[in-house]
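Shared between the two complexes below is chain A, which has chain B as its partner in the first and chain C in the second.
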Partner chain A sequence: MSEPYRYFLIFLGALLIYNILLIRFIALCPLIGVSTQVETSIGMAMSVLFVMTMASAASWVAWNYVLKPLGVGEFLYIPVFILIIASLVQFTEMVIKKVSPPLYRAMGIYLPLITTNCAVLAAATESVKPGFLKLNVAYHFSLPECLVYTIGVALGFGVVIIIFACIRERLETSPVPHTFKGAPIAFIIAALLSLAFMGFANLLGL
Partner chain B sequence: MDWSLVWKAAIALGGLALLFGILLAFASRRFRVETDPRLNDLIGALLGSNCGACGYPGCEAAAQAVLDGKDSVDVCVAGGRKVAENVARVMGVEPTMAERGVALVHCIGGLEESVPKAIYQGIDSCAAADKIAGGHKACEYGCLGLGTCMAACPVNAIALDQDHRRWVNRDRCTGCGLCVEACPRHLIQVVPRNQEVLVVCNNRDKGARARQVCSVCCTACKKCEKVCKAGAISIADNRAWIDYDRCTQCGMCIEECPNRCIVRVAPRRRRRRRDLVTAGASSAETGS
Partner chain C sequence: MDENTSGWHEFSKGFIIENPLMVLMVGLCATLAVSNRMENGIFLGLAATFVLVCSNVIISSIRGFIPDQIRIPIFIVIIASFVTIVDLSMKAYFPAAYATLGVWIPLIVVNCIILARAEGFAYKNTVWHSFLDGLGMGAGYIGVLLIMGFIRELLGTGKIVLFDKTIISLGPFNPPSIFILFPGAFLTFGCLLALLNRYKMRKSNE
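Let's look at the complex of A and B:
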């Protein structure tokens, strides 16, 4: 497997084939909660891309230079990654607030949401323990691979949540039966979208 | 058991926590944004529902506007007097509160009074229903009863009963006027709170036609205009209008109106919704 091709596979796998929202159903709360308007879902997607990339890179460093040498990674990685994500979100919020108030107004309300976002934790975890790719059981990402993977996950999150928001905006004016209004119909739509995304399975042998 | 794992874990977690703690402490100093300490108190004093009735994007923006002196302490339209007092306390000034009015729906015709001419099965919105062949209601001016105003109300002051009559809870209504803009038929107005006698019909049809479409309608019979001693009532556009400045709340017109479309609303009296509905159905004593 050539080097660029492997990067491509990692990216595509994270983006579509093992899409974090629709195939693995991680981070359902933003999928249902922040997808009522296209505008807010774009804001959320941008914030997730930003935070997820930073969190995964930091987690990768912490795993490879702190946890693994000490041999405590296997049972300590979740608290450590949560610590990293929470601190990074706080830090990012402060920096953005100071450096770019307009960006803060656009992204600020989503940043605290991301602190407890399971997608970010999942991406951080998998960037050090790649689970899905059928590459090699003992395989570990290098830092560039980890970044490519995380950006793929975040873009997959963004694409799906924006598609979902577009559908939900049109659902607002559709004659949905009273019982199904709101979240129930959103879950049904998510299931249908998920079926569509399952069509990517086994693409390029992934 | 390998006890070395314990101190290794402690070192790893403690070390990283310390590192991030120092980083955050440094960042909070380096990237501090000077904010007025009153800002948080102000946000706490406001309702926090980000309803947007004040015209700002949210409660935080409204609080900022008050701090900057761009707006007065009664910025929160939905919160009314109570919130204005709290905001004034934070700002250390006397509460200046323009007495806001109360919303009034100029129509009390429900399904019983004004039988629909068609069955509407579309988007649950008055604006949409209004656009289709002049609405499904017989009266082309009356309330469509799909609850667009209820959805717009930030304080849940508007209720709808099973006969599609609207009731404004005057204790809850803060007179913010969001429903005024929401109603596609422009039936809602914010009227002075001390005004008790009100016309609750907006039908502009000629008398005979108006009687056809609704049993509680203004037919512009001019009886109220004649009986009014203060000269507060005038007929224009085939309906009665009360000049709130001249009205003495005597209620002569209420007794005179043959179609019961002038009503007296009880000022600031707490009623349960059930009472409102029964009172409205039996007589027109209670206003909407």
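Let's look at the complex of A and C:
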């Protein structure tokens, strides 16, 4: 398998075939909670892309240069990764606030939410610690592979949350049965979208 | 309200009135992902309840010493320690279940239910009430997991298998496997929510 093709497979697998929201059900809370408007969904998607990439990179470094050489990875990886993510989020928030106030106003409210967004921890754990990844390409990722994987996951999150928000905006004006108003119909839509994404299964032998 | 009735209230509110999944809509991801079989639901439910009860007790017993500004990182570290206990013991004693649950065990850390109860309840209440709250919320969580698992496994495979024993079998019919696949989770949960809505509307009409 040639090198660029491998990257392509990792990216596509993370983006579509194992889509984090619809196929793996990670990070559903923002999908149901935030995706009522397209604009907020775009903000959320951008912030997730940013934080997730940094978190995975930092976790990769921590795992390969600190946890693994010291032999404490097996039982310390959960607290270490989550602390890395939490402090990164705080740090990002401070930097953005200082450097670009407009961006902060656009992204600010989502940043604290991202700490408990399971997608970030999931992407970091899967791309760094061996044994969790379902993708049929490698047991252990190098740093660039880890980054490609994470960006794929984050874009997969963004694509779905934006599609979902578009549908929900239209839904506001459509006649929905009384009992299904609000969250229930959102889940039914998610089911249909998920059905569509299942069509990508086994694409390119992944 | 005397001590006993309020204790019962803290325990029982998790079942329906404040059910973490159906009413508060937190911690959805894991529920939808692992509820394709009843057995998975039992394991994940017990693991999450253990973490929930322990972290509630510890947090409420040291709530006098926690500085307000850094309470969230402290909560997360406490929760992460208990999750590590679950992670390692499950890997040792139930390797098969661990293999199917995979990344969902470390992801208990960011399960919103646990942080929400730590922040919203244990931080402000006595140890005994926090213990009951954790137990009740855990029971409500397991309850929904079991219902979802029951519906999905029965419809999707035509039988219920618990610990290698077939408990219920629908006999010869061709089960729609969509229910154990991804869209089935969204569909089942959406319909459950709609049922609950209907029940609530009936009640308010009376």
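FYI, the second predicted complex is superposed on the first by the 196 of 206 C-alpha atoms of A that agree within 3 Å, B and C clash if a C-alpha of one lies under 4 Å from a C-alpha of the other, contacts with A are read in each partner's own complex, and residues count from 1 in each chain.
The rule is simple: a residue touches a chain if its C-beta (ideal position, glycine included) is under 8 Å from a C-beta of that chain, and two chains touch if they have at least 3 such contacts.
Just so it is clear, the model here is predicted, and its values are computed rather than measured.
By the touch criterion defined above, A:F180 lies against chain C but remains apart from chain B after alignment on the C-alpha atoms of chain A. When the two complexes are overlaid on their common chain A, residue A:L83 makes contact with chain B and with chain C alike. A count of residues in chain A touched by chain B and by chain C gives the higher number to C. Look at A:L195: by the touch rule set out above, it reaches chain C but stays clear of chain B.
Of the two partner chains placed by superposition, only chain C is touched by A:A122; chain B is not.
In the superposed model, A:R170 makes contact with neither chain B nor chain C. Legend: residue contacts after superposition of the two complexes on their common chain; A:L22 is shown touching chain C, with no touch to chain B. In the superposition on chain A, the residues of chain A contacting both chain B and chain C are 75-76, 79, 83.
Listing the residues of chain C that touch chain A in their complex gives 25-30, 32-33, 72-73, 76-77, 80-81, 83-84, 87-88, 102-103, 106-107, 109-112, 115, 178, 181-187, 189-191, 193-195, 197-198, 201. By the touch criterion given at the top, residues 5, 8-9, 11-13, 15-17, 20, 23-24, 27-28, 31-33, 121-123 of chain B touch chain A in their complex. Those residues of chain A whose C-beta lies close enough to touch chain B in the complex are 62, 66-67, 70-72, 75-76, 79-80, 83-84, 87, 90-91, 94-95, 97-99, 173, 175. Per the touch definition, chain A reaches chain C in the complex via residues 22-29, 32-33, 74-79, 82-83, 86, 115-118, 121-122, 125-126, 132, 134, 177-188, 190-192, 194-195, 197-198.
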